[in-house]
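Common to both upcoming complexes is chain A, partnered first by chain B, then by chain C.
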Partner chain A sequence: MTTPTKPVGAARRLVRRAPQERTADQGRAARGGHAARHGRLTPWLFLAVALISEGVFTVFPFLNTIVLAFTDATRLKGGAFIGLDNFSRMIHDDRFWTALQNSALYMVIVVPCMVFLPLLLAMLVHTRLPGAGLFRTAYYIPVVSSTVAVGIMWSWMLDSQGLVNQTLKALGVITEPVPFLTERWLLMGSAMFVTIWTGLGWYMVIYLAALTNVSRDLYDAAAMDGAGWWRRFVSVTIPGVRNTMVLVGALSSVAAFRVFTEIYVLSGNTAGPGGSAMTVIMLIQRVGTGLDAEVGYASALSLVVFVITIGLMIAVLRMQTRENEK
Partner chain B sequence: MTATHAPHDPLAPSPAHRRAHRRRLSLNAARYAGLTAVAILCVGPLLWQVSTSLKGNGVDIYSSPPQLLPEKPTLSAYSKVADIVPIWHYAMNSLLVAVAVVCTNVIGATCAGYALAKMDFRGKKLAFAVFLTAMLVPGEVVLIAKYMLALSMGINNSLLGVILPSAVSALNVLLMRNAMSGIPNELEEAGIIDGANAWQRFRRIAVPSVRGTIAVVAIFAFVGSWDNFLWPLIVLSDQSQYTLTVGLNYLQGTFVKDPRIIAAGTVIAILPLVVFFFALQRYFFRGVGEGAVKG
Partner chain C sequence: MRYVRRLALATSVTASLVLTGCGVGGGGGDDGGKAQDAAKGKITGSISFQTWNLKAGFKGYFEDVVDTFEKKHPGTKVKWIDQPAEGYADKLSADAAGDTLPDVINLDRSTAAPLAKAKLLLDLDEADPGAGKDYLAGAWKSNDWKDAGGHYAYPWYLNTGPTLYNTGLFKKAGMNTKKLPTTYDELFDQAMEMAKKSKKQYAMIGQLPGTDVMAKYGIKVMNDAQTKYVFNSPEGVAFVKKYVELYKAGAIIPEALSQDYVNEGKNFQSGRLAYLPGSSYTVKELKKNAPSVYKNLAIQPQITNNAPGMYIQSVGVSAHTKNSATALAFARFVTDAENQLAFAKEADVFPSGSDGAKAEYFHADDGSDAAKVRVLSADQLDKAVEYTWPGTSEAQKTDLREQIALAVSGKKSVKKALDDAVAFANKQAQDGK
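And now, the complex of A and B:
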């Protein structure tokens, strides 16, 4: 943070002056008697743009989602209250269970990768060796690349005629092309790979910030005690970045559960053979848009997603507080 | 992205030292090998994409071994992709949306952050709660209700409909509030004594102190907007209004079977941000580092 370029006149004088020298009036101001500082409306003028934007496009739609979830609204009619019908319908909806399973699986596989691989990468980059900055930048490039473009790129690479299959064939590993994009589990795996590929650099930067806070002395002391690199990793690095690992776990689990673009693009907008690789957000998009949109049912699905993501965050945070109490 | 040589230490006298030195050298070599391998994995596919987009019609793109440097590079794929879809028009749409979103986010979040950090007023807790709630609600959860809202407001199928919902992100407001809280109160007091009103204090004291955070907010807003796909996909139905991500997805769905053309399209979507990022990276890594340490 830079200091202000044009400090207002009295700034220096006031900082230098001892507290008891202040007049009673200034004392009151310093204690937080803000009444005289600005008009009553001023704070709201400052807040207006942000508050209106959030109110109209997040808070109101959120409240509306809760209401709509208990109605049979469609795109064309407002809908009537139908109690929990949408939720009981969900229980008998195979698409919902497939989607939930896929999103959950996505999370279970992607999150551990996102917690550990970027940490290893950060440790690799966290060095004074020349060129480290260049590598750091290289790893961040997939992060700033548009997900749709990256998805399209990988869908050509993983195509039956693509670079990956060609290379595997040239190496004699396979004779028939691997159906990376047309088989349910391979498609899921390919999408996960793309998610991890784009996310590595992002979480690496978060870890890099944390690593700079781990004291060099701890490593030196551990090395003096004859600890090998694995021992130093487990006993010094991991405890030093544990809070960051929890943060990354929370961020990446919520993100992974909400996956949409990767599977949508890699499957060519089809969600895999027979919709078998559909995720929950894809289901919401399918059900809730178009001319025959079932807005009520889509809202009920959205509400389930909300409860799950909040539940995930609470679970991760509780894990952290419990660890800290030990 | 090749590995440079490990630093050579000219002072290595005793055998013990030399052994330690040799071990460090081999350790560094291993480290560079690892760094290079990951770099190839991260940048290689993008380079391959650029290379494919530059290959002429006669050049075999499936040659084995794969050829990274095209023999006769040509830009013909870029003009062909523009014949199939108005890709430059899509790019302009994306740019317009991104610039608008950057402006609204920077202005909205900085003002709101100042009010939340440096002003005392009734209802402050409520305002704070609104932003906190908004941050905890994932965009996908309100997707359908937001879509219905856009329909009833008549902003569907227009760029305005893409811009408005991402005008100010709650996360940015909270980021700015944290940054503003770091400004010493004495500066505010001094401003009051000098007779500066709230707006002057905001412009002359607060804003210059949080330039780093403003940069981070601007970069996040730009990248986020450029990358945004699900919302524009839903809200835009007319092809002429497409942003680049939706347009690319549409291009992929057409029956173009030439990878060179698709590659040209993806390069148009990726390259500007990579260049933009290269230009600002020093600033960016510092800003994000600061934010993460404080947050």
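And now, the complex of A and C:
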């Protein structure tokens, strides 16, 4: 009887079984190689559904987008190869620069808030005080609410005759309504507020998980050394959740750069007066949908967003690697 | 092994690139003389018929139409599909891209034009010559796309609406409700008066003007040959400057800068606006949703310095239908005089058949608001025109609204804003988008 020296796949798993079974199984694997082949195929069979759906709904459209970016395709007719014309048009398109500026600004303001505010919130509810559970739930409610529903609610509140303006008027703070939804910067600010309000609970939960990994002993030791609340926060909490902060920074920067729903809903799909609060994703949606969609140009815009997003992720990952090496 | 993997990867990428081709859609192209033969086949087999947000109100009517057609032509089967108003153009574009357009499609001018240009609709001049005589001349003409070289849809129902006023706001502002505006100049003057008297509490206007309003005011939108947009004329600039003044005075609600016509209706319903260009449908909605506004409603003829505006719904037939004879027969059936009249009565709209709104029903005023709107609208129907132009697209409408918003909010001069809007519109028209 031949005994295989290097059992593979299913055979390798079989060798961990009882000795009396082992000999028979090894024999079968060696005889036909059927189990070995079966072992190689099994993971692919499990992965097949996911791989096919990824291929059809992600990889294929992605490759299609790359091709279309170099054509003048519209929704109703196939396009011709036009080289870099779409990218050159982009450079001269004021709407693109406005959208890029708005998306970048969104990221610059929203990301620091998303990194620090949920951490503070997590620390507040990471106590054993009575009622902390209630606050955890309350902060998480916006996360499970539909962004569209949240956006509509805030658009009613921030309307020129909405609750916020009426309250400010009743209190005598203002005489004329504040144009929260009809002035570029105020509209952007309102959308950022909604993004932060909705996202706080989500990132708070991530931080809560990270905080449970920070040893209580470190806080006790720091306290014994006379460290106050701030010192403990800077010297114990932040180093303890640094990797999570990088993760939150990466996730929120990509999400902020790709902001769409908040501006779309608050501006009633108009991107504010004169389209001045347009973001890059809104521009892609506007150019690339409808019967007169310019699919080639929309694909070129999508490709640029993809490159920027990948760039952001690489920058964050490098930052994390550098921190870990220190 | 590594070589095989690389080869497989390279093959799959190349295949993707080749398969994706250079486009998403593809349904377009020359129909190679198919249109002439379209009506010649036997009326049999299954077709699909898509309407635009009509199921909620008129389910029974359409089920009857389908039943009658199927009985009249044994062996036929009509699958009726209704799509919501929201995203209708997007649904059509997805269907067109996937070559799955319904056989018979409810369209308006802006959704029909791109499909016609892409030759995704049957050219009725070839498929059904002489059909035009069965429809109102104006309605048939409005479905004539010179740049696409033919007629691509049967006119269906027409709508033209009155002007609605919330007299409650006039009274609150201390204004005379017996002298409601009848011209644009009166509208602008009274809007200023209302803003001043109510200290900007109430506003008259809720939407920035599009090319249809410009045309109704008397501004030339396109040149006579209909090849170039020309609304950046001194008259156009003077017209938009009026809106700048009105906005500064508080006669236009702030939301008008960044919201479209849907919100104008909502703001009128909520009692924030005193003026709304409406329709019989709007009156019904107000009665149901805003009784306090409805009780102060005044119904007046449409404000215009020119011909009144109207909107046409049409029915087109997909160029790729497998049962073209059945699809054409059904499209003709839905839009024939008898069915049009029945639907017009059901939906408070007007037929586009050659008799138009001559039937007694459209001119009998029984004293109800619905009848008042109907009679007013029927009277202005003979003179009404559809204010859309070759190359008019959603993108162009959006761009104009944005440019005027920039001008009104002082971010751009009126002249520059209109020059930019005209340049964009001309480019769109030239590109055939």
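Simple rule for what comes next: the second predicted complex is superposed on the first by the 281 of 326 C-alpha atoms of A that agree within 3 Å, B and C clash if a C-alpha of one lies under 4 Å from a C-alpha of the other, contacts with A are read in each partner's own complex, and residues count from 1 in each chain.
Just so we're on the same page, a residue touches a chain if its C-beta (ideal position, glycine included) is under 8 Å from a C-beta of that chain, and two chains touch if they have at least 3 such contacts.
A quick note: this is a predicted structure, and the numbers were derived from the prediction, not measured.
K.L.:
Touching A:V205, do we find chain B (first), chain C (second), both, or neither?
P.N.:
first
K.L.:
Which of the two partners, first being chain B and second being chain C, lies in contact with A:R40: first, second, both, or neither?
P.N.:
The answer is first: A:R40 touches chain B but not chain C.
K.L.:
Once chain A of both complexes is superposed, is A:G275 in touch with chain B (first), chain C (second), both, or neither?
P.N.:
second
K.L.:
Report for A:V265: first if it touches chain B alone, second if chain C alone, otherwise both or neither.
P.N.:
After superposing on A, A:V265 lies in contact with chain B but is clear of chain C.
K.L.:
Using the touch criterion from the header, give the chain among chain B and chain C with more contacted residues in chain A.
P.N.:
B
K.L.:
Should A:V148 be classified as contacting the first partner (chain B), the second (chain C), both, or neither?
P.N.:
Touch status of A:V148: first partner only.
K.L.:
Just chain B (first), just chain C (second), both, or neither: which does A:T321 touch?
P.N.:
A:T321 sits against neither chain B nor chain C.
K.L.:
A:L68 contacts which: chain B (first), chain C (second), both, neither?
P.N.:
In the superposition, A:L68 contacts both chain B and chain C.
K.L.:
Tell me which partner A:L163 touches in the superposition: chain B (first), chain C (second), both or neither.
P.N.:
The answer is first: A:L163 touches chain B but not chain C.
K.L.:
Does chain B (first) or chain C (second) touch A:V295, or do both, or does neither?
P.N.:
Both chain B and chain C are touched by A:V295.
K.L.:
Intersection of chain A residues contacting chain B with those contacting chain C?
P.N.:
59-60, 64, 68, 75, 161, 268-269, 289, 293, 295
K.L.:
What residues on chain B touch chain A, complex-wise?
P.N.:
1, 3-4, 6-7, 28, 31-32, 34-36, 38-39, 41-43, 45-46, 48-49, 62, 64-66, 104, 107-109, 111-112, 114-116, 119-121, 123-124, 127, 130-131, 133-134, 136-138, 140-149, 151, 164-165, 167-168, 170, 173, 179, 182, 184-194, 196-198, 201-202, 204-205, 208-213, 223, 226-227, 229-230, 233-234, 244-245, 248-249, 252-253, 259, 262-263, 265-266, 269-270, 273-274, 276-278, 281, 285, 288-290, 292-293
K.L.:
In their complex, what parts of chain A are in touch with chain B?
P.N.:
1-11, 13-15, 26, 29-30, 32, 34-40, 42-44, 46-51, 53-62, 64-65, 68, 75, 121, 124-125, 127, 129-132, 134-142, 144-150, 152-157, 161, 163, 166-167, 170, 197, 200-201, 205-206, 208-210, 212-213, 254, 258, 260-261, 265, 268-269, 281, 284-285, 288-289, 293, 295, 298-299, 302-303, 305-306, 309-310, 313
K.L.:
Could you list, by residue number, the parts of chain A that touch chain C in their complex?
P.N.:
Per the touch definition, chain A meets chain C at residues 59-60, 63-64, 67-68, 71, 73-81, 159-161, 176-177, 179, 181-182, 187, 267-276, 286, 289-295.
K.L.:
Quick one: in the complex, what on chain C touches chain A?
P.N.:
So the residues of chain C touching chain A come out as 13, 16-17, 20-28, 89-90, 92-93, 96-97, 110-111, 114-115, 117-118, 120, 200, 253-255, 257-260, 262-263, 272, 393-395, 398, 401-403, 405-406, 409, 411-412, 428, 433.
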